[in-house]
Every structure is written in C-alpha cells, then in structure tokens.
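Look at the two complexes coming up: chain A is in both, with chain B in one and chain C in the other.
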Partner chain A sequence: MDLRVGAVSRLAGRTLRLIVVLAVVAVVAFALAKLSPIDPVDAYLGADIARVGPEQRALIAERWGLDQPPSVQFFSWLQSLAQGELGYSMIYNAPVAEVIAERFWISLPLVGTAWLLSGIFGFVLGLAAGANAGGWADRVIRLYAYVLASAPSFWVAIVLLMVFAVGLGWAPVCCAGPIGVVPEAVTIWDRLSHLALPLITLSILGISQIALHTRAKMAEIMQSDAVLYARAQGAGTLDIAWRHGARNAALPAVTVLFASLGELFGGSVLAEQVFAYPGLGRAVVEAGLRGDVPLLLAATLVLTLFVCIGNMIADSLYAIVDPRLRRPRPSRVGHG
Partner chain B sequence: MSLLQIENLCLSFRHYRGLVHEAQTSVLRGIGFDVDRGEVLAVIGGSGAGKSLVAQALFGVLPGNALVSGIMRFEGVLIDKTTRPRLLGRRMALLPQSSSHLDPMANCSSQLRWAARRGGRTIRKADAQAAFLRFGLPASVGKAFPHELSGGMARRVMMAIATITEPDLLVADEPTAGLDAGNAETILSQLRAAADAGGGVILITHSLPEALKFADRVVMIENGQLVGTEAAADFTGSGASLRSHYGQALWQALPQNAFGAANA
Partner chain C sequence: MAELSGTIDDVLQPRFGNRALTLVVAAAAFLVILALPIAASVLGETGMRGDFANRLQAPTFAHWFGTDAMGQDMLARTIHGLTTSLWVGLAASLISAFVATVLAMLAAAGGRVGDTIVSVLIDATMGLPHIVLLILICFALGGGPHAVMLAVALTHWPRLARILRAEMLQVRNADYVIAARHFGRSAWQIAYGHVIPHLLPQILVGTVLMFPHAILHEASLTFLGFGLEPSRPAIGLLLADSMRYLTAGQWWLGLFPGLSLLALVLCFDALGNGLRTILDPRGAQL
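What follows is the complex of A and B.
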C-alpha cells in the first residue's frame, strides 16, 4: 500500500518537474525567438519585400499580434497552446501540428534505428574493450570512440557524403527518396538506400558515447570481487563478460542510451541538413532561418518533451531492472 | 602423495616509482606447506600478512602486475597455465571472504548453476535445492539476490557454490569474518566435515582458537614469511612442545594463557 502511494507521488513529482522544464524551455525559446535578428514579417514576405510598403507591413504585424508587447504575445501563445492549438506554419503553409507530425514520422525511422544500432554496437564494443582493458582491442575501440566523440557530426556527415555518395556512388546524395518521383512510386528499397548514409552517420556518432561509458563500467566490473570469484571457479573471459559483465553494465548503458536522446536529435538536425533529409531536424533549421516562430517553438517543445521522457524512462529503469532497487519482497527469505 | 604441495612460493608486485623507475615490492617469500586428504590445514596470520595472497596465487587470480615464482603441485602435477583450467572449480574450489564475491545482479540459484557449469557439471533445479538444503538453506534462497541475504546465509550460499562440484581441495579465505559465533561454528564444522569425508581443506584465518578447534595443523605467516608449522595438538599446556618461536608467542598471547608477551 505504502509502495503504491510512493509510486504515485513519485510519478506526480516527475510530471510536475516535466511541466516546469517545459515552461522554462518555452520562456527561453520564446525570448530567443524574439531576440533573433530575423523579422517574421520580412521572412514571410521574402522577395516580395520590395513591393510592400510600411503601412502594409504594419498591417501584417498587427494582424499577427506583433505590435503587442512580448509578454502579451507570449501569454496569448501559451493560451492557444493550452487549448492544443500550436499555430500555423508560414513557411509550410500548414498547421504546425500537421507539419511536426509529418516530419516526425520521417525522422523517427532514422533517429530510432540509429538509437538502437548505436546502443547495441556501443554496448558490445564497450564490453569487449572493458573485458580486455589495456589490450589491443581496448586500444582500437577507445581510439575509434575518442576520435568520433570529438568529431563534429556535420563534418562526419560531409566526409561520408563525399566518400560514399559522391566518390563511390554507392548511396544517393540527398533526400529521403529519388528526386522527381511521386511519393506513391517510391519503393521501400529507395527509402532504405536514402536512409543509409544519414543512419550510419548518426549511429557511428552515437556508438562512441555508449561504448566509452560501457567500457568504464566494464573495466570496473572486471576488477570486482564477483569476477575474481568467477575466475577462481574456472570461468573464461567470455563467460565472465557475458554473465557478470553484460548483466552489470547493461543498466548504466541503457541509462546513458535514454539520456542521449537529446544529443541524438541534436545530431539529426545537422545530419538531416547535410543530407537534405526532410525530417523534423531539417524543419527546425528551416523554421529558424526563415523566422517561422510558431513551428520553431512547437518543435522545441516537442523535442524537450521527448528528451525529458527519455530521461524519465532512464530513471525508472533502475528501479525495475536492478534487484537492489526493486521493491523489497518481504518474507522471501528469513534471516539466520 | 600430498593432495597439494607448495614449495618456496614467492610473490611480488611490480609498480612504477615516479614515471619510469620500475620497482618491485615483495609480499610473499619462501612459503611452503602441503595438505593431505582428510586434513584441515590452518593458515594463520594477521591482516596484511599475505595469507589471502597465497590462495589467490594458487587459483591464479592475482592482479596483472603480480610476479609469482615457486612450485605448486596438485596430486604431484605442476599447477600452471595449462593444468589450472582442469583444476579450478573441478578439483579445487575457493570459499571467498565476503558476500561481495557474489554477483549483486544475479540470483543465488543462477550463481550456483554457473559454478557447476564452470566445473563441468550441469545441474537441475532439484540438485540446486538439494545443495542449498545441505547447508540448511530454504529452497526459496535460490530466487533471492545477494543483498537479500544475511551474512551467515550468504556464507552458506557460497559454501553450497564451492562444494557443488565436490572438489578435492577446499580453500576457505577467512570464512568466519563478520559472522556471529553460531554461524561461524556452523561453517567451520562444515569445513571439518568436508575434510573428514576425504577432501583437503585450507582454512585461512587470523584466529588461533578457531584454527585450533577445527584444524589438524597450523601454518603461520608473518610479513609474507613462513614463521612456523605446528600440529594443532601441540598448542597445549605451556606450549613447550611447539617448535617455532612464533607459535609459542602466539599461544602465550591468548587470553586463557594470561596474555603472555607477544613480542616474538
């Protein structure tokens, strides 16, 4: 009974914290958008700017409520947000919710698969490196991880693009499908081949972080009493790495993996830009460059929500997976 | 032929002094003893004397910077890299010092099953339960995780793990550390029983009374050196039949012997 109350209050606390984080992000994002040198009216008019007089510009600004003080603008935005109204995207000429939903479904296979792949490969590489700490495998894996952890993701994306798309011609140069083909005619193979390079870029970047964290944990586990005992029982390295290493290192790795969702989206913004992949990340960049404030703010909030939920999952996983933090099961064993 | 023979075991650790100068710290020098079947041999020494290192050297689980020399034989066969895999977990087993040696993330029956498999045996659920029962543990202990066990139970679980493959030699490293008198007595009797059943037991401890009650012979280590080997029965009366100076001093220093001067 107490435990259930505890779980509910914990969940309530986390939800409250989530709301506070979202509110702070909303304020900061709104302030940044207001402070940015791009004028939404200019951005909206684009090349037509020369043909519009100051009176007409003032009219547009008044229509959009831009003549109001920023605080009023913020609260009217917040109010419509509370009613589930995210606004209208000027550059895509569609409701923001629609744009985000559509872009999200394009980004999800990319980011989701990259997330899974980097998790799996990072974990395995980290285990291998940590189990042979100081050995050649460890050195190679660490070198790889350090180099990629310090390489900017857009640079890696450009290098891959130059080598595999431009140089070798193995992969298409841009976009999520062939150019000039109607969406219905795009085959699954087309989609996959266009997904390949951005996916590899994001995955190899994500791997290094998981690998380094897993390696550190694994090296620590290899020094533990439990591993010493296993070796005294005649266990080989593979046996130890699997039974003791993977078991004990899995939790920190999964936590890092969930916590790294934010960085993954950050990476996807750059990778999608380089590969002209029409996902959410690219929409964010477009919105920023062309002063589409409603889209920019909504995308920021959606990504914040996503990252926060990732962190919340990471927190809760400990309680579920680690037997020491699991609910105590009274009367399982007596004491003696 | 002795079950286990150790001759002139020396151990030192390599380490760096400053950046380039390599130095060696000697921790064991000229340790030698043998263990027969049916015998409990106590290895006694204060903390830091190096007695646990003897066990680690025997099982080949010393840190990477350790340098070992000397001869160790199991039933006359030299223990080295090639022969050790046939011995570990099969012919000789370790009973470790603390419950930190159990994997915190795995339940007890898994750990028992792994130990059995490492020793070349596959056990069924009933075998596991029987093994736990042998040491007075309920069947439910199989599903328990190490943190759910009391110190005494953890030690008995490790006892079940150490004996699951019926090894010939059992090496118990401070098996009573942190246990109350009742639990300590239980574990020590079980070790004695293993010897009486025809196995050899090495009991590493810092307590002379404990050793005398259960061991047949006592090997004393101080500062990494062997300072005496005595029959447990010789620790009697004034200690006149003890051959080593250290043994006499240790015996005199016991409370019932009026805390005699221990400055050997």
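What follows is the complex of A and C.
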C-alpha cells in the first residue's frame, strides 16, 4: 500500500472513531443528567421556589421541553447542538457558549503554559536522570517524580498556598486578578502574579510523568549499541546525551504530553478550586454542584473533544516513532 | 496520576533483583494499612468530641496533628478519614476489577463485534477527563457520600480492562495455546488451564494498584464539595475545611491530613509492587 494512502485511511479511521466516541459520550452524559434526582426546574428557581405555583412550573417545564419523553429531548438537544446552540446556563445567566468561551480564555494561559513548562522541565530532568542512570541525580529526580505523582494535587496546591501566599506573602491568596478593581485597571503584572501559584502547582505535578517516561526511554537508549560505539570513539556523556539521547527521546515525550491532556485538566479543576481561579474547571464544578445541566453537558463534550484530539495526535506520533505500528490496525499503545 | 515506570524501591535501591527489600517494604506497608481500621475502631469517639477549651491548637504531644476549630483532635479525624478512604478504595478496586475482567472476557469471546464495542467503551471512558466523568456520575446520583463511592467505583476499570484485553489476545495467539487447541482441548479447558492462570496475577496486582487512584479521586471529589456530609469524616472534607483557616496561619489543619493521604497512597504502591515481585515468574525463587 502506498504510504500516503495509508496515512489518509488511518486519519479517516481515527476521525470516525472520534465521532463514535463523542456520540457515546453524548448519550451517556445525557442519560446521566436525566437520571439525576435533582429537578432542573427546582435548580433553576432556587430560593424563589416558594413563590411559584404548579401552573408556572408546568409552563417552565414545557418551555424547556421537559414534558417530552427523554428520547425526544435527546434528539432535540442534538439538533440544537448541530446548529451551534449550546443552551442557556442558569447559574451564570448567560448563553452556555459565551460562558465556556469566556472561561476557556481564562483557563488557557494557565493550562497551556503549565503544559509547556511541564513538558520542557520534565524532558530535561528525564534526560539528566536517564543519562546517569543509578547516579545521585537520577535518584533525586526519581524520588521527586515518584512522590509528586502520588500526592493529592489539591493538597500540593494548599501547601504552596500556605508557604508562598500566607507564609512568605510573595503571591496573592486567590482569584485571577485583584478584588474590587475594574477589569480595565488590572495590569498585566497583576494577572501574572495571580497566575503564578496555580501555574507552578500544575507544572510541578505535570513534570513528574514526563520526567519518569523520558528517563526510562533515555536509560534504554544509553544501553544501546549505537551509544556504546559512540563511547568507543571517545564521545563524552554530554555529547552522547544530546546527539543520541535527546533526539530519540523527544518524540515519545511529546507523545506522552499529548496523551495527558485529560489529567492536566483534572489537575486544573482542583488548582482552580484551591486558588479560586475563575476558569473552565471551576465552571464545571459549579455546574455539577448546582445542577446546571446545559453547561455541564456542553462542557463535557468540549473537553472530550479536546482530550480525544490530544489522544489522536499521540496515536499518530506513536506511528511515526515506531514504524511497526503502521501496518496493522493501529491500537493505542499507552496512556501515560 | 501517572502510570509509573519507576518504583519507590528502585529509588531507594536501584540495583536489579533486590527482592528482599521490596518484600520487606511491602510487608511494612501492608501492616500500616491494616493498622488503620484497627486504630479507628480502638479510638472510637476519642478525640472526636468538641473541646472548646482546646480549639485551634498547634501540634503538641497531646495532639500530634493539632486541633481544629471545634477542638477535635486532628489525628483522630485524620485516622477516621483515612479509614473511610480505605473502604471506598476497597469497594472501588473490587468493583472496577470485576468490570474490567468481564469486559476483557467479552472482548476476547465476542469476536470482532465484541472487541470493537469494548474498545470503543474504553476509548470513550478515557476520552472524558476522569474528573468530569466523576462529577457527572455524582450529579446523576444526586450527590452524597454514596454517590461519591459509586462514581469512584464505576470509573476505574478502563486501564485494567485494556491491559487484560491485550494480555488475553496475546495468550490466545501464543504457540502453546494454539498447540493445545490442535490437541483437541476444549475452549473451557484452555481458559482454565492457560488463560486464567496467566491473568489472575495481573488482576490481583491491577486491583491493588487501583487503590491509590480511587483514594485520590475520592478525596478530590469530597474536596470539591460533592458528597458533603460533615458527620462522616473524609480527608477531602478536612482539607476543604482547612482552607478557611489557612490565611489565619493554622497550617497544621492543611498539612497533616494531606501528608497522611500521601503516605497511604505510597503504602498501596509499595504493596502492589511487592505483590508484582512475588507473582512475576521471571523473578521467581524457591
């Protein structure tokens, strides 16, 4: 088979799989939301519940289509989704698309930068550890990565908050900007200082996975014949680590990075909660706690799309790294 | 949480094949885990009653972890919280391991269709950020401690299911199984004689290594405010409470419960690695 035809059919197969996965997630998420004993009309009314009679309640239910059977509701929901209508968020009193877009732009600098930083530092630490496998640097880096990977992420956030915000007073305690200041007056410095602690939390947690993975790959490379040959020719460890190690270990590290988007978002949900950072993660938690079904469902689909595209990129990269994966039906090799 | 390529024993003792140390660490970890529910039942209500004369005290010899705003002993609350985590982890691991095994068997026995359905299910569950799936299930069940427990129990199977599915495919196509089939062994005899002995250790180790994930997710959910029931101690709840006092400098409320949870997670990892060392035939010794 022509290589290019193979690539196209692989991509088509993956896209089909993505659509199937999204459809399954949509059905399951909708069914879970319908299963909930929390009545959406009650959730919407909140404290006003005593002032609304049964006729008005029936009117609201009819307006939202809640009097229809679930399957009809599901298809009308899908239909409006197809038209780009995500619904109306009760708790933020705004269209869901607007809420998600606004929150997304608040979360993106946090999650995106953390993603890059954990990739870069994790890779460098992994190289350093793997190049001197068994040495003291290797032990320190592995101990760090191992303990951080086992620590509750929100507790790491709390500890950083205690030390740097409360104890040393270097960073603000909460939020994405100073309280009581109009958005126009917030300087870029304010934003950065509020971003610092959540960002550090996510980065030091994300580093461990990349570092452990790169280290394992690097230790394997250092045992290879090519490296032995280079040593015989008189190359130094640094030279070998750069010319042979970094090049060969880079692609697997990038792959792991793409496959870890879901975990990164999970960490961001908790960090946003600790630092009261008003991003997408907090919106999802609020929607779940207060029963904002349209927001919860839309956010679920958007996030699933993101994670699945990340996984797809990771899969494609695996195929590039390992030509053996090209011929048979591509299957996912690892998730972390 | 990462699938770790190194273990704590590697860090302490990087030479290969040091079984003795791995097993001693695992046994010690097992004892610590066993001691938790015993300590909780021995303690009973000790330290759990409010004592306003001793509220918000920093750690002392009488109260190792300090006291909270009600004057309750934080050590006692932490032990009870960890015991709760232990039960949630146990339920979650057993249920998830069962689901994973059943799905892997379906994938192996159900032909192409069964295999496709199972792998789409695995993909869909892993495509959703785990925390979002947990929140959805909590919402579907109306919140409360039972919702948290069920959500955690029902979502930890995909990783193990994927490993078991791959193992099953491998064993089924292994030369010795093909040979057994040619000798006229029935499907049941092959399953009993070849597949199950191969998978059982994997299931056992996978179940133990599921504990840490389940425990951390339970703590995260309660921390976020799902499954709130103040009378039932939980580490997530203790840490959520501590947030109100951190700015006032009561650091011990936040530090110790989280540190204890980290210790428990490390214990389960050590136990899982010990089990793997015992069960791995390549390292077997008499």
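The working rule: the second predicted complex is superposed on the first by the 308 of 336 C-alpha atoms of A that agree within 3 Å, B and C clash if a C-alpha of one lies under 4 Å from a C-alpha of the other, contacts with A are read in each partner's own complex, and residues count from 1 in each chain.
Throughout what follows, a residue touches a chain if its C-beta (ideal position, glycine included) is under 8 Å from a C-beta of that chain, and two chains touch if they have at least 3 such contacts.
If you're wondering where the values come from, they're calculated on a predicted model, not measured in any experiment.
More residues of chain A are touched by C (comparison of chain B with chain C). In the superposed pair of complexes, A:R243 makes contact with chain B only, with no contact to chain C. Legend: residue contacts after superposition of the two complexes on their common chain; A:V25 is shown touching chain C, with no touch to chain B.
Applying the stated contact rule after C-alpha superposition, one finds that A:D225 touches chain B and leaves chain C untouched. With both structures placed on the common chain, the touch criterion links A:S150 to chain C but leaves chain B unconnected. Of the two partner chains placed by the overlay, neither chain B nor chain C lies in contact with A:F121. When the shared chain is aligned, no partner comes close enough to touch A:Y88: not chain B, not chain C. Contacts of A:L289 after superposition on the shared chain: chain C is touched, whereas chain B is not. Put simply, chain A uses residues 134, 332, 334-336 to touch chain B in one complex and chain C in the other. Listing the residues of chain C that touch chain A in their complex gives 1-8, 10-11, 14, 119-121, 123-124, 126-132, 135-143, 159, 162, 212, 216, 219-220, 223-226, 235, 239, 242-243, 246-247, 249, 251, 254-255, 257-259, 261-262, 265-266, 269. Across the complex, chain B meets chain A through its residues 56, 59-61, 64, 85, 87-90, 93-94, 96, 98, 100-107, 114-115, 118-119, 136, 138, 140-141, 143-145, 147-150, 152-153, 161, 183. On the chain A side of its complex with chain C, the touching residues are 17, 20-22, 24-25, 28-29, 32-33, 35-38, 133-134, 138-139, 142-143, 145-147, 149-155, 158-159, 161-162, 166-167, 173, 208-209, 212-213, 215-216, 261-263, 265-266, 269-270, 273-274, 284-285, 288-289, 291, 296, 299-300, 303-304, 307-308, 311, 331-332, 334-336. Here chain A touches chain B in the complex through residues 134, 224-226, 228-235, 239, 243-244, 247-248, 322-324, 328-329, 332-336, going by the rule given at the top.
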